[in-house]
Amino acid sequence: MTALTDTATPTDSALAEVYHSVESEVRSYCRSWPTTMAVAQGSWLTDTDGRRYLDFFAGAGALNYGHNNPALKQPLLDYLAADHIVHSLDMATTAKTEFLETFERVILRPRALDYKVQFPGPTGANAVEAALKLARKVTGRESIINFTNAFHGMTLGALSVTGNSMKRAGAGIPLVHSTPMPYDNYFGGATEDFHWFERVLDDSGGGLNHPAAVIVETVQGEGGLNVARAEWLRALADLCHRRDILLIVDDVQMGCGRTGRFFSFEEAGIVPDIVTLSKSISGYGLPMALTLFRRDLDVWTPGEHNGTFRGHNPAFVTATKALEIYWQDQSFSEQTTAKGAHVRARLDEIASAHDGVGARGRGMAQGLKFADAARAAEVCRTAFDHGLLMETSGPSDEVVKLLPPLTTSETDLDSGLDLLAAAVAATSS
Amino acid sequence: MTALTDTATPTDSALAEVYHSVESEVRSYCRSWPTTMAVAQGSWLTDTDGRRYLDFFAGAGALNYGHNNPALKQPLLDYLAADHIVHSLDMATTAKTEFLETFERVILRPRALDYKVQFPGPTGANAVEAALKLARKVTGRESIINFTNAFHGMTLGALSVTGNSMKRAGAGIPLVHSTPMPYDNYFGGATEDFHWFERVLDDSGGGLNHPAAVIVETVQGEGGLNVARAEWLRALADLCHRRDILLIVDDVQMGCGRTGRFFSFEEAGIVPDIVTLSKSISGYGLPMALTLFRRDLDVWTPGEHNGTFRGHNPAFVTATKALEIYWQDQSFSEQTTAKGAHVRARLDEIASAHDGVGARGRGMAQGLKFADAARAAEVCRTAFDHGLLMETSGPSDEVVKLLPPLTTSETDLDSGLDLLAAAVAATSS
Amino acid sequence: MTALTDTATPTDSALAEVYHSVESEVRSYCRSWPTTMAVAQGSWLTDTDGRRYLDFFAGAGALNYGHNNPALKQPLLDYLAADHIVHSLDMATTAKTEFLETFERVILRPRALDYKVQFPGPTGANAVEAALKLARKVTGRESIINFTNAFHGMTLGALSVTGNSMKRAGAGIPLVHSTPMPYDNYFGGATEDFHWFERVLDDSGGGLNHPAAVIVETVQGEGGLNVARAEWLRALADLCHRRDILLIVDDVQMGCGRTGRFFSFEEAGIVPDIVTLSKSISGYGLPMALTLFRRDLDVWTPGEHNGTFRGHNPAFVTATKALEIYWQDQSFSEQTTAKGAHVRARLDEIASAHDGVGARGRGMAQGLKFADAARAAEVCRTAFDHGLLMETSGPSDEVVKLLPPLTTSETDLDSGLDLLAAAVAATSS
Amino acid sequence: MTALTDTATPTDSALAEVYHSVESEVRSYCRSWPTTMAVAQGSWLTDTDGRRYLDFFAGAGALNYGHNNPALKQPLLDYLAADHIVHSLDMATTAKTEFLETFERVILRPRALDYKVQFPGPTGANAVEAALKLARKVTGRESIINFTNAFHGMTLGALSVTGNSMKRAGAGIPLVHSTPMPYDNYFGGATEDFHWFERVLDDSGGGLNHPAAVIVETVQGEGGLNVARAEWLRALADLCHRRDILLIVDDVQMGCGRTGRFFSFEEAGIVPDIVTLSKSISGYGLPMALTLFRRDLDVWTPGEHNGTFRGHNPAFVTATKALEIYWQDQSFSEQTTAKGAHVRARLDEIASAHDGVGARGRGMAQGLKFADAARAAEVCRTAFDHGLLMETSGPSDEVVKLLPPLTTSETDLDSGLDLLAAAVAATSS
């Protein structure tokens, strides 16, 4: 196995002392990848030693268009240089006007989505918190249905619908008002869909508080690249509709083209009542998030949900540009689908060559699941030593997750996949 | 009364149609200030019609160093132009290293604050959520004491310690695990400090769940510019210490020099167990937040609290620069104190010239409270028509709040204060 | 169909005006059976008009030994006449001593149950509240697993683990800290046992708060006479044991011999960690309840759970006598089993003679389920008009529930079953 | 100091072994009074050794008419002997009819109280749970205001409004939806009434969830015989009325004549929206409770709150008789007032003779508070050794509480007070 670069493996000592002495123990990625990153372009990062890394992580999905995408960078520099508005809370600005108009023209109208747009604060968790608040306000109910292995964020509301027990324990208070239901294929296909959920909803003695909303990811990224089938999503949407429950699709990680189309739920043909977007919406890794909802659900009072960084205009600038460049026609979406298929074919190959390894994912969210969970981390470590960034996911960190920038070239994809294949081989006992 | 510019008053029609048709009803500031902002420099904004506005609002305290401060802008442009890392989650980057080292050198060490630093996500609410989670985790208790008219954010944990009843109702679920206590001077000085709080803490039959922490703002900005006296803060810190309760100072709005010193609690001579910072920490209005805490409280497990935009490097760049420029010696702090005293003197003058008007505030967080609450909004509207941006605060929106950039020149301060004086006069019946 | 008595059907006018004018609208049974009862003996009640009713309701299971059982009545009269202690909180009294000694000798020791006994207050809900408190205190966890269509009581803790949505709504606050799981046969036998519960417990990303305890009825009386199979109960006990979850059997309605043996869980061969008893424990319909638990779980602090009517000594007197008369050997238990089999055979006959009718139950808790739910109420009304008391149960009140006193003679059982058969026939369309 | 009887002091060995081996560690009174009671009459108990005890405890207020009151006993024996209905859930019975008619005629009508009557289950906690549920249902709000050192019961709803921290901890979950306010005289008279409560209610930014109801005891028995002044109660009722908050008076311990009139709130001239009664309502120490509420608040759905022992008819029989005997005219009430004044005079005498001792209470709920809290328990122990039963109360168990039967003769009162005086003297250092 050949490293992409010939620099020696960095060690924890490659981190400045200040990380050890001053940054909280909660720090995480700098432990997995103990080096200091300096510059980045497209799918590549370079650390302070000049060592280059191919990025199959992409800011956990925040960099769908790559690092420092030149087509977005120039408008950003121009905007900043001209002293346009940077910070505006929710005042009107030229950058915000352009974003809203472009988002409506390029995204909403062609999809016949009659959504209102809320700027809930700049993170995915903000978008989820606003979605949950609105769903409760609209319905007058408090309970939310989430799914096994869901991930929706770290603030108290978002955490209460997140599955991970370690992160839940961090709340320090009992997390209530949410009830988990089995995600698609949770029982390996052995049990009929929604058997339990539908039955208990129907049962006036079932003891389930009637939910305000269901919150779902179409593909659970943090949860281990669990893919919900289109027919499962349709059945879920239909169930919610029949029972007067709002359907929230959390598209923070899988939206903005990760699975092919702009929204990850488009392939299933469903129209959620509420949608959350963040991560790649700015296109440049800048903090930004949106909560979208059916026009008739817009019962907010002015200022009822506010926040200082709702008007992060540099993000609006790059977001607008990204929509214009990548989403005015189908080509980008088709390329992603094609690249995803290619990645998947390579992963299937790797999986078939090794026992206890299976490919999973959708579009450009793909990965390998290892029967021996510890092996996933070993593969990532080995890959990192050879210049490839990937992280694990899943309840036992048993899945190597690939989220390359969607703009990654086929050559780079193949280089990375070669390295991955080698790492898998190297860790086979 | 003369307007700063001679452009006609903008109206709601000055907003692009898309705000009405697509943005959620939750929008707020664009209703108060119905115009579209185009560029900004220092304490001045200019709208698309070329009309200029003097900014005594400063992004609700997020722009302490003014809009597009040139000393920060150039390093930001350089950083972006050179393709340095923009988005990094919590990987190590050169920008983050520099920020941590500078923050420790310029802020923590000179103040003998042995704090660990957490990047909890890019908003003040993130910082508060992390603070509450940590306090609960450390103590094993769930209850938090907040104060009347507190404001800490819109996510579920932060909202539960916020006082505003309209915003609380937005939660859609009962907000529990928090108990309000009277803020300093809540009874107009008639009642002894902490009478009730201390008494009920001591009483094993008092029925108050023993709190994990107290969360307090030294000056309540959103709450109406209520100022806690230094002796009250000291007594509170002492009470917390004696009862084994953690003291969280939420310095999101009053930190970063707003009241004079870097931290707003410095004058009182207290050392909180946990501190939150956001708004002006990046110096450029870019999303960024910190949670600081005593070294021995750093019981986080790696990754227990995470988030996509914890590593917003452009903000680290401007934050570092702002620390270097403004905080290496006492001069900036002293200038702020002097400007604050000047503003206050002018406000006292205005107040003494009108019935039912009182000055209040600390440092450069100053305002006028109106016995007739409606008059505050009228003053702000009138001022806006003449090119001055200010917002109201307080439970009945009865306070005109002034948060000018700390870098505002004395001339501009006086221009704004003249306009304010005229607006007060214009609204006197 | 012949009525047991020839008195005319009573109507609502048979109730004194005071029920309408003074008693709360919450009253219920006096609506179903609008007559005023005057005296009772064994399985028969007589109203103020001299009309007699055969009682297949038995105080919802509180009168397993019949009304005013003479063998219990005389000791009760003697005790009261001699001015023995009536009310004692939890002081020691001769009546309490005798009860405790008898309960240990007749019930606990022969079954090798090393339980401590708590007097939690005189109702089943008190017993459940104490059980839940203890389970949470022992484990340090807050979450409880209950089952679909469970009924455990009306106080806030007990209500939170009860399924009925109408009764839950009565709480006026969101009921949290409980998660329903499917009871045995919830899916008509189509799904493997504990599929969902076990899977989500195992999954560190499942999002289920790790439970302190599971609370279960072996037969759900209020829930519609749903019978858990012995193997299901064993599997549940085993699952709880393996996952370190306490198993609470709520035997308030099914204990004291209703299903044959003293405890309803004996046939399954399981030993719950905590058991609740009430209803028939006093033997005479007097308020009394017990919470039993494994000796090592007795972590209560003295006085931590108290209550005024924990020492209702007349109930101890009749309880002691009932244990002595009915439980010193197997004969009573065997008679109950035989009677139950007889009742079931008759119900099966009725069911097979009519479409949409099915027999269900265990021991002397038997009933008929109607595909057309409304018919169950019609059957009960018709039966009442002919002098037979029965109530409906189940989420849609679709089950006619028979809980005759266990002491009912075979002749009376057959008379009642004849009436039931006639009522079913009369309601067949 | 002379004992009332010459029997030797009993010891813990006077309890049967079964209390140690089988009853839960939660047992309490049998620890303070380690003897086994056998018979009782009026104000006297006799243990199994023939030792007699003068009862200044009276079942914690459940025996206002003394033990085994002959005037109630004979109707009870007759009722039972004649096989009248014992257990009836909420069916109509002759005993219930008579009780309701008598309660309306003797209690409600003369006081012009247009209350509906609910039988919420047989304990005070049941009555409180029903009151809280109804208040929440009526208002659609969830939060309840309780007072420092309140005691309302051990079930989860009642416990959440109880002050005692040891008992609260027994819940095993955070107790929420309640906020304590200072009871009358909590600050030794130094602070104006309702200063804090009224101020925070008025303040839309106060952070207090708008309450559904306030629950208050007019005299806090368990809380240490804290007496609310009539003017405080009137001001509270007025405040509740003005703010649209329901006022619940928990009269479980202080009702049924303990303070003089039937309801303890009568002297203050207020009319609560909801009232709870239990303890002495049956007159004979039998489990029984009532929840009373304004006719227009009776929004219960039939069966929404149910329970097995709501129809404990023997209690209705003695309750009816007690109303007829003691409450048809003012004489009993006047005697109680006179006896209370006598007791108080004697207590004032004792207090004035000793440092650190103060008398407190109202009507026949009187006591002594000791500056040295430990001394209260010592006094009770000493008194017990000489044949007098009294318990301590208050957050530090610093109050010796006297709740003699209201029927206690002046001679017996004086005998007991002599013993108390001697015990206080004996414990003075």
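Which chain is which? They are A, B, C and D, in the order written, and residues in each are numbered from 1.
One rule holds in what follows: contacts are C-beta pairs under 8 Å (C-beta built on N, C-alpha and C of every residue); 3 or more make two chains touch, one makes a residue touch a chain.
Everything numeric here is computed off the predicted structure, so don't read it as measured data.
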| item | value |
| --- | --- |
| C-D compared against B-C, more contacting pairs | C-D |
| Identity of the chain that, by mean CA position, is farthest from subunit C | B |
| Subunit B and subunit C, separation of their C-alpha mean positions in angstrom | 59 |
| Chain centre separation in whole Å, for subunit C relative to subunit A (CA means) | 50 |
| Gap in Å, rounded to a whole number, between the CA centres of subunit D and subunit C | 30 |
| Touching two or more other chains - residues of subunit A | 142, 166, 173-174, 177 |
| Arrangement of touching chains [line / ring / star / complete / other] | complete |
| Subunit A - residues contacting subunit C, complex | 142-143, 146-150, 161-166, 168, 174-180, 182, 186-187, 190-192, 195-196, 199-200, 203-210, 223-224, 394-396 |
| Contact footprint of subunit B on subunit C as seen in their complex | 173-174 |
| Subunit C - residues contacting subunit D, complex | 14-16, 18-19, 21-31, 33-41, 45, 48, 59-63, 67-68, 73, 76-77, 80-94, 97, 100-101, 103-104, 108, 116-119, 121-126, 129-130, 132-137, 140, 142, 153-158, 160, 166-167, 169-174, 177, 212, 252, 278-279, 284-287, 291, 293, 298-309, 312, 314 |
